[in-house]
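Given below, in the form of structure tokens, are the structures.
Both of the next two complexes hold chain A, though its partner changes from chain B to chain C.
Then we have the complex of A and B:
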């Protein structure tokens, strides 16, 4: 999304067309597709945050869902009115959204000393603990969270305009009635574009280069005058804030939050998104989020019209199982054949036509998904052992 | 370069103006209804007003169930029975002179799928007969309440009672729990001042059972020894030891069949010979093939909101015969009468909406809330009262004893409505 190379105009025009299409889509889509779109955009923001952390800065995290949960519940609590069963601060929704990002970022900051000491799979396991701790808190702090059944979420509003079915009760654009889903679509689109733009700039700027340098070799980074601990902490904070916003958006898309939404599976899904899309690529993370979120929903919806899928319950290959299998196969295929994920494949496609001109990326180059996990690489050991062609 | 910002500003301004010009905040339908009376489809006096999911020939209802997740086996039985039920209704002339078609979708116990499937289904159905599963129904119920769509069959947790659009098939879990304590005291001779164990799942189901049991314990002067577990707890020997240590005179279980087998077996092996009462979903006939069989046969009771499979009430017999025809090799169990009675409840609500001339989603919810005495031929206790949002429709439950000779392993003992079940009220 931010790779500034060659002629920028085709990319810019392409991006503009995509944005225009996204702006026009609510005029045509049914409620099912709108709801799916909301889930995709929320997941995309989370995935972009994770790709900064795992792809750019090389810190494996299995705890992304925990930060999303914090964001979702902070939004629900801070905007909710206090009732007899659950508390609430009754703040304006915009303040709630900002608080969701800030609190998640603070928790990320509090966790960053741990992240500074651990690497690779060990960091992954440490963040895994976060998911269980947060889930335990969500279930047991029921005067704030509503416990196991969760709590309802106030709809978003901005200066008297509510992103729900009411207030204004009737709003039509070009003859299409704009209900809550349509209005949320635009809110989410603005948030998603802003998040991607910010992430792209961060990645290709000074901060992103520092993160990538720390990923590749902490010693080399320190020698170049980068504060390693500071860089590691900052990427954790940024990624947590992204997750917090994504969580608040998920809460808005559901209209309700419950602990089950933010399970370990959600964390793994975020990882799958960024590996499929290509570690470190913002555009890849968005495409990965689209694939991982929409595929099961679409397969379930259209299972009736797919001849090779059995009707649910009849004992054959049903849509849910099918989508899990497609997931698995897609991940294996990407790892085996598409180095750098979908983003890497797209890059090769673009430069395949001009083999004489190798890509000269000024930003940090995306890497092989396996090498950036730096699983098993001892801390401070020989770096960039697998660093081959980008 | 200096002209670029101005050009951009102009383009932006033009785009905004265009977008604003396309906007409108006056509802043409609303304006029409204010002047006329009713919407277009309600023509004369004899005509029924119709809405989503209703055509002249067909009424469409939805069912969001779990055919690929943890409840797949029981859910498949309910789908078979539900389809057979509506086929039977259609053969007898349908509802409101229309055939009823069921749209079954599988959410696989995933709230995200449940919500999107609901979104795609809602414009085409008049009501949802079932949304299976705790987290999935918790996600769908508030959306359906906003849209004023009837939702049946979300289980018996008291947390679902707050939704005006939800119809609980029988007594809630708290009522079951209170009745269990009442029966231990009145029917099984547990003395005042004795201790009673309550083993329950963390979550809305178990918490509701515990709330009812605690209320009843206070009324009846017994003491509760609570043991919280999760659905991942499959070995209950530690809980059994704790209960044995506390010297309990009876145990109430709000969990699943795996936990029942483990708890009954552990208590028996520790020589604790006390009655064990399981709530609705705790018993499954397949438990009688496990090593816990003898312990279950000796001491175990089941309290259900729906009449058990072995009941000889007219409605239960009809349900069982229908299921035997639809799937001669199918698994027997409490799902059969449950699916039948959920169909029956929705049919009555649809009929009520038809009679009041408002066959729309809102009309079905209104018909549900006007029904203060629903009878279901013995499938559920008679006289269900749905006019009070937030309270259980009945205080009567069915008590059965585990019996190897009875069909589906449960022999009906009695219908119960204990004093503390009757005095229990939500939010009170």
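Then we have the complex of A and C:
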């Protein structure tokens, strides 16, 4: 691939610098920013999984939060100790994390017959049903899940080293005390890097090409010898496993799981992350996760120093309202002005070409995965000619 | 038996209101190919306008303003946003509508705040009795209005040039355009119609037995999505069938919750529509009355 991508070194050096910065950040950041970072990394893994499903393989899913919920609760249940109100298996945390991914993947596999039968928006709306069904189960199976109020989550530990404030009680690096948030930061960073690396390889390898082929034309893919049902099932399994890990990480970052964390809004947020970032782009998904997750937290934290925001409850523009509106406007602006999302814009910048004519991207191109319909006018309208199929 | 009959009537009348919303989804989808996630907010907008204006204008004029306002917002969303999408496909359009929904819903929620606005509807909280079974008058009016609305829609699509043009545009845009049908006009009509239906549905969803206009109305409009999908994406009669099925399902499941609780747990009434939707989609992937998607090789 490298000869197709041009010189890989600027990208590699840039990536290395970013990783080094991420490694050094806990030395400087306050607890608020560390917490925000944890949420961002957890969301990024979920978004990367979803971008494989929606962007690369073209299977629209509004049910990503359901798989994340399964991961979170499987982790909480399998590592938790049984109490009088909720059950628990008391397994080691690493086993819990693996189990979270495996169970989510299995549920994804169980859902794939539905996915094999439905297409495009129909599939998206069927997965929408999944969110409500899972939420219903979470509320009702309270001997496992703790019902409405949820249950607390055991902190992660690896071979006697706990990723919490104790055990070892005092750990310092370069004069900065490393507490639970600092330790989790590195755990999450390792997981996020592994997830991105794996997703990038999957996307540009044989599997990803098969997925992209299924997205572009199922008939053509079948004629090329790709098992369409198998490809769809495999992408659902992979993306659900990603969602499961993301869910378990969210549970760790919150220290608690509750059904409301994994509502329809969470599914929508995942979808917004990958669309803002650019469908099918792993880096775009990460940037999208950063934006979507950090914006409300940051606006709420710094609302006191922003002059146009009123205090909550005073009837003016309070921070959560403002962040929702900025969030909505940002979605609209990106979709109206940035072809292919942030990743598409970055690609055009790199290639220095006019905004109207993006060069064909390396690997499977993130484009029009969801439907044969054009939008804004009836199907098959003149807008079709604007497409840039490579 | 009386209880059962009451639940059925309740379900059917609620289902008719849902079908108004579902028809809005279907019309927007056939005329522009957009999955209109902002429809719930438009429903809320219509009800909000009526609630705010009725003390000064009176109920009926403010209902007209509400209908016009919702229609106008729909047309504006299509003309200003949807037609200027950078990537013209159904997926990005759906996300765009999510963005619009977030902005609209947040602003309406902020304006409404914690108050529950009343509509000042002339039927108030009165009840109509059919033998042993009683039904809120608002629901009876809703059923009547819905039947009239669907008769009107049928007339529009079957007998008028505009409606036939809309059907032609939905069936084959470029050809319809070559035959002299202005696609921008059919698209705008579709969005306007959906807005009008949404405002009417909003008024019925927020009058008795509902307490009044509150932001949660936008969420209950979400329950119309299973109704729409179940009937078929591009079918207005499908929306009626879907609405009735979903209305009946949720009324019966909620009404008999005590008996069902051991099997399905509490609060299944909210989930049942989606379960029905998934099951129907598995058997008929294009919904009950939707046209099958043609696959071009």
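As a working rule, the second predicted complex is superposed on the first by the 354 of 390 C-alpha atoms of A that agree within 3 Å, B and C clash if a C-alpha of one lies under 4 Å from a C-alpha of the other, contacts with A are read in each partner's own complex, and residues count from 1 in each chain.
Everything below uses one rule, namely that a residue touches a chain if its C-beta (ideal position, glycine included) is under 8 Å from a C-beta of that chain, and two chains touch if they have at least 3 such contacts.
What you see is a predicted model; the values in this text were computed from it and never measured.
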Between chain B and chain C, pick out the one touching the greater number of residues of chain A. C
Who does A:83 touch here: chain B (first), chain C (second), both, or neither? neither
Chain B versus chain C as contact partner of A:268, first or second or both or neither: second
Check the residue A:31 against both partner chains and state whether it touches chain B (first), chain C (second), both, or neither. first
In the overlaid three-chain picture, which partner chain does A:143 touch, first (chain B) or second (chain C), both, or neither? neither
On the A-aligned overlay, A:325 touches which partner chain: chain B = first, chain C = second, or both, or neither? second
Between chain B (first) and chain C (second), which does A:39 come into contact with in this model arrangement: first, second, both, or neither? first
Quick one: is A:124 in contact with chain B, with chain C, with both, or with neither? Answer first, second, both or neither. second
After lining up the shared chain so the two structures overlap, which partner does A:336 touch, if you call chain B first and chain C second: first, second, both or neither? second
Overlap of the chain B and chain C footprints on chain A, listed as residue numbers: 139, 321
How about chain C: which of its residues touch chain A in the complex? 30-35, 78, 81-96, 98-103, 106-107, 109-110, 113, 169-174, 176-177, 183-184, 186-187, 225-226, 229, 233, 264-268, 270-271, 274-275, 277-278, 281-282, 285-286, 293, 295-297
Of chain A, residues touching chain C in the complex: 54, 60, 114, 117-122, 124-126, 128-130, 132-133, 135-137, 139-141, 217-220, 268, 271-272, 275, 279, 315, 317, 321, 324-325, 327-332, 335-340, 367-383, 386-387
Can you list the residues on chain A that touch chain B in the complex? 30-32, 34-36, 39, 84, 139, 147-150, 152, 165, 168-174, 177, 181, 253-256, 258, 260-261, 293, 296-297, 300-301, 303, 312-313, 318-321
Per the contact definition, I'd like the list of chain B residues that touch chain A in the complex. 19, 22-27, 30, 65, 67-69, 72, 75-76, 79, 104-108, 110-113, 115-117, 119-120, 122-123, 134-135, 138-139, 142-143, 146, 157, 159, 202-204, 207, 427
